[in-house]
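Residue numbering begins at 1 within each chain, and the chains themselves are lettered A, B, C, D, E and F in the order written.
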Amino acid sequence: MTLHIVNQSPFSSNALQDCLENFAQGDVLLLIEDGVYALQGEFFRAIPGARIYCLEVDTAARAQEATASAKPNVEVINDIRWVQLCTQHNPIVSWFR
Amino acid sequence: MKFSLAVYSAPYSAQSASSALRFARVLLAQGHEIYRVFFYCDGVQNGNSLTAPPQDETDLIAQWQELQRRYHLDLVICIAAAQRRGVLSEREAKRLEKPAANLADGFELAGLGQLVDAVAHSERLVTFGG
Amino acid sequence: MSHSTIALCRTPPYGSAIAREGLEAVLTSAAMEQEIDLLFLGDGIFQLLDHQSPEEIGQKSLRRNLLALPMFGIEQVLVCHKSLRDRTITLDQVQIPGVEVKTIREPGTLIAAYHCVLSF
Amino acid sequence: MTLHIVNQSPFSSNALQDCLENFAQGDVLLLIEDGVYALQGEFFRAIPGARIYCLEVDTAARAQEATASAKPNVEVINDIRWVQLCTQHNPIVSWFR
Amino acid sequence: MSHSTIALCRTPPYGSAIAREGLEAVLTSAAMEQEIDLLFLGDGIFQLLDHQSPEEIGQKSLRRNLLALPMFGIEQVLVCHKSLRDRTITLDQVQIPGVEVKTIREPGTLIAAYHCVLSF
Amino acid sequence: MKFSLAVYSAPYSAQSASSALRFARVLLAQGHEIYRVFFYCDGVQNGNSLTAPPQDETDLIAQWQELQRRYHLDLVICIAAAQRRGVLSEREAKRLEKPAANLADGFELAGLGQLVDAVAHSERLVTFGG
């Protein structure tokens, strides 16, 4: 099961959309950096039931904590969980453009 | 677990360069091994010793160097990408007849083969770009 | 309006340096007493949100630069109405003390009236 | 009348879309670099009647000459015309992200 | 497939250096006799088009690097079906002599089967 | 007509750096005037003298220098952006206690005020980024 990491805003870049088009059953999505702005929209309808994480420090930096906690299917994780996700999943695909 | 990182972004210009450093720190603190950090594309600027951020901003180059000393990290900068972007060792500067060198201590220049080798010898590869 | 200038702030904070470097250019312009207007649009809207806490990612709050705008004589910023709406952000989420936030519904017409446009 | 210059692919970046949302009556659009990939899609319905140019060298680099000549509302121009467009229009807005 | 590698080529040629540097990494891998598969998707599709003439913008044709693939032992490339369709590009526009171009309809399932993914 | 250019992209990494150079050449050939070229953000790397592209690739830095000599262009690199990205003059290197300098001849470091001044004194500003 793939861990997909997206670090671009879905309002500026097609990285998230490209990622979602390459999502397989059981894959996991992690939003980091400007990727957390995906919380401001409805981008996850294409992957119902998928586990979606966002990085705590990037969420806090961008004032997205309230938006994150309002999304029941999104879990805010710390850096240690980030590392754990990387050990628990393979391959790891970064969508950075 | 044995990780390698691929870093494609310049420090300061993109956050992903600093995310890579943070991720590396947490990896090591959690007892994982870093086989190699390979700096490619604009990521080669992470080894530019002339970077001089204001004192109240993070000095990523210094922090990579500190991590390198502490954990004996293998910090490899792609030599071809570095030449095109003006990051040279003493030896390269001499060979290319350039007036100065700016490769930071703790980093070394090597070919793309080191990325291929990292892929072959690591259980996980995490890429930082953007 | 023959030498009027507007800066378009289109990039989100922190992911790249351009939002910060754009604001620095704007503040320099204001410090040199050149009139400059600011239009936040696209992801630039995110620069305005309150409660940004970028300390843990090793950066300084960009909103602090915005709070300095009145000290530089900038007492009004323009914000694209559609960009707010697309991001489900309300006008009260993008207020800056001492600065009037004015929404713009026809940014194209507005931009066309300036002599010079900076883009960040 | 504004000259808008777009240098990003509309399939990867929102630059062109942002530009078109900021297009006023009489404005002109110039596609350069990866912006010429807009020729591969239907992106100009929002600006019917607008004059659209694309830069010859960038069009040739990207094998887009045939696509360009098949679009009746798009004119392929050389670098001298590029400079002329910049003298004839003001302001000039670059959409590069 | 425990150490199998795939490179995702997602960026168009010329606008940035990453498409070129990605292909260089792939060719290096092949030269070192490490098996590597290539999947062209998104704007990476544009790398494959014939008749690229980048001389006037001061660059070398990226397609030339692709023509070298068979010499490096790469005799098959994968192309995302949806990416082609979205760009109204047909399969016959993305052929490489000596290389089989195979379209992929479920790229996610394909990617998940690899041990390592490079992204360019 | 009097133009200024703002260049935000590094050479090699993005095509826009080379588009800026081409545009400048055509401007001058058509008899227009360039008041200033201001290099900002990653554009400061256009003045990195250690850039060493392969011989069969375009050397953008050398071409800017040639244009500068021929037309006495004012090529200004933002000093704050350059410090953060490791592009230093001899003087800056000394002041910041860095071991070397890498600002290419023909370019000069100055503050953001030079961008503001260019805006005020030019009939057209064209920005190259991405």
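The working rule: a contact is a pair of C-beta atoms (placed from the backbone, for glycine too) under 8 Å apart; a residue touches a chain by one contact, two chains touch by 3 or more.
It should be emphasised that the depicted structure is a prediction, and the values quoted were computed from it without experimental measurement.
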item	value
Partner chains shared by chain E and chain F (touch criterion as defined above)	B, D
Chain whose mean Cα position lies farthest from chain A	F
Chain at maximum distance from chain D, centres defined as averaged CA atoms	B
Centroid spacing, where centroids are CA-atom means, of chain C and chain D in whole angstrom	26
Separation of mean Cα positions, chain E and chain C [Å, integer]	40
Numbers and ranges of chain F residues touching at least 2 other chains	8, 12-13, 15, 19, 22, 41, 57, 84, 125, 127, 129-130
Numbers and ranges of chain C residues touching at least 2 other chains	11, 14-18, 42, 57, 59, 116-117, 119
Multi-partner residues of chain A (at least 2 other chains)	7-8, 11-12, 14, 33-34, 57, 90-92, 94, 96-97
Pairs of chains found to touch, sorted by chain label	A-B, A-C, A-D, A-E, B-C, B-E, B-F, C-D, C-F, D-E, D-F, E-F
Complex contacts: residues of chain C adjacent to chain D	8, 10-11, 18, 41-42, 82, 106-109, 111-112, 114-117, 119
Parts of chain A lying in touch with chain E, wherever the complex brings them together	1-2, 14, 18, 21-27, 90-97
Chain F-touching residues of chain B, taken from the complex the two chains share	10, 12-13, 41-42, 45, 48-54, 57, 83-88, 92-93, 96, 98-102
Residue ranges of chain A touching chain C (in the complex, touch as defined)	7-9, 11-12, 33-34, 37, 40-41, 56-58, 60-63, 65
Residue ranges of chain B in contact with chain E within the complex	6, 8, 40-41, 80-81, 84, 111-113, 115-117, 119-120, 122, 125, 127, 129
